[in-house]
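Shared between the two complexes below is chain A, which pairs with chain B and chain C, respectively.
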Partner chain A sequence: MAIEVQKLNVYIKGNHILKDVSLTLPERQITCIIGPSGCGKSTLLRTLNRLIDTTEGVRVEGKVLVDGTDIIGSGAEIIELRRKIGLVSQRPCPLPMSIFENVAYGCRINKMFKHRRQLVYHVQRKLKEVGLFDEIKGRMRAPATRLSIGQQQRLCLARSLAVQPEYILADEATSALDPISSKTVEDLFVSFKQQYTIVMVTHTLHQALRIADNVVFMYLGEVIETGPASDVFNHPQHELTQRYLSGIFS
Partner chain B sequence: MTAGNRILKDRVAHGGMLAMTIVGVLLVAVIAAGLYLKSRAVLDSTSLWTLLCGSEWRPMQGKFGFLPFLAGTLWVTMLSIALALPVSLLTALFLTEYARPVVRKCVFPLLDILAALPSVIYGVWGVLVVVPWISRRLAPLFVDFSTGYTVLAAGIVLGVMVVPLLVSLFIEVFSTIPKELREASLALGATRWQTAWKVVCRKTLPGIMASTVLAISRALGETIAVLMVCGCVIGIPRGVLEPCYPIPALIANNYGEMLSMPLYESALMFAALLLFAVVLVFNLASRIVLNRIGCDNS
Partner chain C sequence: MKVSRLKRIRETLAKGMMWCSMLLVFGLLVSVIWTIFSKGMKAMSWDMLLKLPGGGFYIGKEGGFLNAIVGSLYIVGASTLLGLVVSVPVVFFLNVYLKKGSRLAYVARLAFDVLFGVPSIVYGAFGFTVMVYFGLRASLLGGIIVITLLIIPIFIRTMDEATRNFPRDILDASFALGATRWETLKVVVRQIAPGIATAALLSVGRAIGDAASVMFTAGYTDSIPTSLSQPAATLPLAVFFQLSSPIPEVVDRAYAAALVLTVTVLLISIVGRFITTRFSKNKV
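And now, the complex of A and B:
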């Protein structure tokens, strides 16, 4: 199922951050949200899993339909929604526990397994999916902070995948990584698009060019242009999009 | 200003700050040495073992057993921390993880006021409220008679005194957690309580420990409020409904009186040295534990 955003307005401490945002994020594809700094990309992403609620003085209006259910409003099942929508943040943020416990944490709080053996198998499988298992095989009990930044980001990805989400939100997930780690994580996202609907905020146009199936271009809180990546990159309709893509502003 | 002048000023500032630091550190050493020198007389006449483990306190006969005072100090301090710790921890978690900014704005000044209240006010509150409540309501459920001036009264009063300090320290500690860490947990479907308990508290465990040690050190030395409600009866308390006589109360009650008695002043100085040693040992031990936790938690 896709995510559908309808007339979404977000205000933070009275400032109008997102203005009448309406778009569809197609399923089993990678949608890249691009735009200059401060255009509301991250705010939009954080609204999709209601993490925006943790921001002081926030007011959200409009509709965000996830699997056909509006997640805005007090009646929404936020805990289940967040389990369903994984998040990989800009900087890797390992929890203060071991490598194993980091991945097991979400499974434990969501009570996914009855037996420890099932949990261990599941954690190992997720670590294998992100290509980390062989690198850390003998160090599962070591603190997660001892991993390199690139490994930590893959661990965070494994942690998100462990709770079996249907969507993955990535907020500039490769911007803090070295080029090799960045490429590894990027390739992982591409390989995951058969299983998950991926929404990715990125600052790097080249990255969007490489991996995006769809592109959303935002400017000052508004969606200026949206559509298949080939259309937006090759034949941008809006003048702002053309100027942004040609590097006149960033 | 010439470069030479600036460098000279920098050196003077460096030297001045270094001197002040050394004075601060030396002061501790001077206090310890002074207390030791003053305690020499009683240490020469009685063995350290007898002083620490003896429970006979007869200054007229030159018998000084500090066990009842040591026990009283530890009873009251540990009880106060046991009472204050959960209250402070939950209050700080509520204020940092759950409360709206407007609630925080109202509660923080109140906590500051509570922390700034003179201890004698807590003592008076203890005498007027806590002691009668223990004597009339609580104690009759367990014992035949109690004046209310007990370990429990001292523990409650001291615990209430320690709460604002602990809450402030815990809030400081919890505030060091980056927002991203909380969000990483919430994004996995964790509730706020799960995030607070399993992530925030876990991450800040060394800070929680350090804050608690600071509060214990403060509680160990608290004098007036405890003195007013502890009963000041020499004896090893066998329960929280018995009176006690902590070391600070012993010194405050007796120093300046009957000092003509041989060894009495020296014995009181030894009491101060003992308190000093308890705080020192406690701090050193906790630092070792903190280092271990820090290594495991990093």
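And now, the complex of A and C:
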């Protein structure tokens, strides 16, 4: 269930965005990708579920092995891949539907249930998993946009979980939230690592320190250092990592 | 002290100018509506709305202009439907299928902008040329086709505007759940439904009020067309022809037709607003 990236190069309109990236994202752990803005963290994340395909002028070279299957190249089953890899974006992005429909949407398109009763039960369970059910009980038909930003982000998380992914990609998933919501979402990720392989792009080092099992430090499109969080944070090998961690640049 | 006085004067002047402009626009609107109502109500009666004209539309004083009302509804209804059928796929293609920053999308948008600016008489002339080429006569079908051509750029531009502001994150969110582009379109429709409604409203407004494009293509007749190949009367042309009549009663009928036209557009706008608000319920 691990993801293995081998010699990944991504070019967007001729610009070399990811340079020879090779790393392993271990299963059922939280891997945090850290690094300054524009270092290619989000591009790497978007390559893992092939959302990068929607960018104009993109060229991808190298291998990304998900469950041993290379997902780069035209033969890959992108639709199934994306179902398998959940995504939680930076800003909560509810679909223009009711709270219930937001979670049910993925199940419907993947034809997961035959009976509506099963779907309702599944949606409720996912909402419970993210701790949202009690807060919104009785408002399931209300537009998702009526929820607070923190609740919306948890709804998006429930929506991703509803299609039963094996991996969760989170792109600075807490950066737009208030401190309390941020903590709630962060705790959820920690509790989920028993079931999912989680890859998280984060801008705050403190967050990575709190929750990461593994850390990938990127700079200008290259992976500078990667390894268990305790090693990278306590004994950084590379000078750039040392300088980044000590706050000399960000 | 001096500076603050200067600032105050400037502020008062700017505010005064804004008020003047507001009053001018508002006054214009009121005077247009007043003219149409006061003159139109003189000739207005149930007969006007429910009867066909008697004795020719140019000089006849009898009957009403049911022919023009029905003709306009036929043309506007059909062309709005056709316009939607053609425009919606174009907008989806531009915004969902083509990637962000696509050159083709840029060229297409430029082309639609140019088409948007083409005067309606040019559409009329173009339609007329095509009809002559195919040996067609002025007919309901000709009117529908030309009005459809006229409103397609309005449809596309308005919907495109609504869709371009569409948060790309929604597309990503849908794709990330394993949705195909086709499935994602349904999400897009939910989000841009108010945009589609606005586009339809603008198009209907333009289609129902345009005289130049239907003059050569739909023609004019005193009867209600029973097939696509028969000529059809329209409200703007009912106004145009009757207004140029030397007989005062016929001129009054022109104002009555203008009144019907204005009230129809007003009603469509109000109903449209209502529908748009309902559609916007789930909008992100």
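The criterion applied here is as follows: the second predicted complex is superposed on the first by the 250 of 250 C-alpha atoms of A that agree within 3 Å, B and C clash if a C-alpha of one lies under 4 Å from a C-alpha of the other, contacts with A are read in each partner's own complex, and residues count from 1 in each chain.
In the analysis below, contacts are C-beta pairs under 8 Å (C-beta built on N, C-alpha and C of every residue); 3 or more make two chains touch, one makes a residue touch a chain.
What you are looking at is a predicted structure, and each value in this text was computed from that prediction instead of being measured.
Asks: Once both complexes are superposed via chain A, do chain B and chain C end up clashing or fitting?
Replies: They clash.
Asks: Counting only touches as set out at the top, which of chain B and chain C does A:Gly86 meet: first, second, both, neither?
Replies: After superposing on A, A:Gly86 lies in contact with both chain B and chain C.
Asks: Taking the superposition as given, does A:Asn110 touch the first partner, chain B, the second, chain C, both, or neither?
Replies: both
Asks: Given the touch rule stated above, what does A:Ser160 touch, chain B (first), chain C (second), both, or neither?
Replies: A:Ser160 sits against chain B and chain C alike.
Asks: Now for A:Ala144: first (chain B), second (chain C), both, or neither, which partner does it touch?
Replies: Only chain C is touched by A:Ala144; chain B is not.
Asks: Return first, second, both or neither, reflecting whether A:Glu56 touches chain B, chain C, both chains, or no partner chain.
Replies: Both partners.
Asks: For A:Ile17, using the defined touch cut-off, is the partner it touches chain B, chain C, both, or neither? Pick first, second, both or neither.
Replies: neither
Asks: Which positions of chain A sit in both the chain B and the chain C interface?
Replies: 49, 51, 54, 56, 79-80, 82-83, 85-87, 89, 91, 93, 95-97, 105-106, 109-110, 143, 145, 156, 159-160, 163
Asks: Tell me, which parts of chain B touch chain A in their complex?
Replies: Per the touch definition, chain B meets chain A at residues 101, 178-191, 194, 198-199, 202-203, 296-298.
Asks: In their shared complex, at which residues does chain C touch chain A?
Replies: Within the complex, chain C contacts chain A at residues 99-102, 167, 169-180, 183, 187, 190-191, 281-284.
Asks: Quick check: in the complex, which residue numbers of chain A touch chain B?
Replies: Answer in residue numbers: 49, 51, 54, 56, 79-80, 82-83, 85-87, 89, 91, 93, 95-97, 105-106, 109-110, 143, 145, 156, 159-160, 163.
Asks: Please output the residues of chain A touching chain C within their complex, sorted ascending.
Replies: Contact set of chain A toward chain C: 49, 51, 54-57, 79-80, 82-83, 85-87, 89, 91, 93-98, 105-106, 109-110, 143-145, 156, 159-160, 163.
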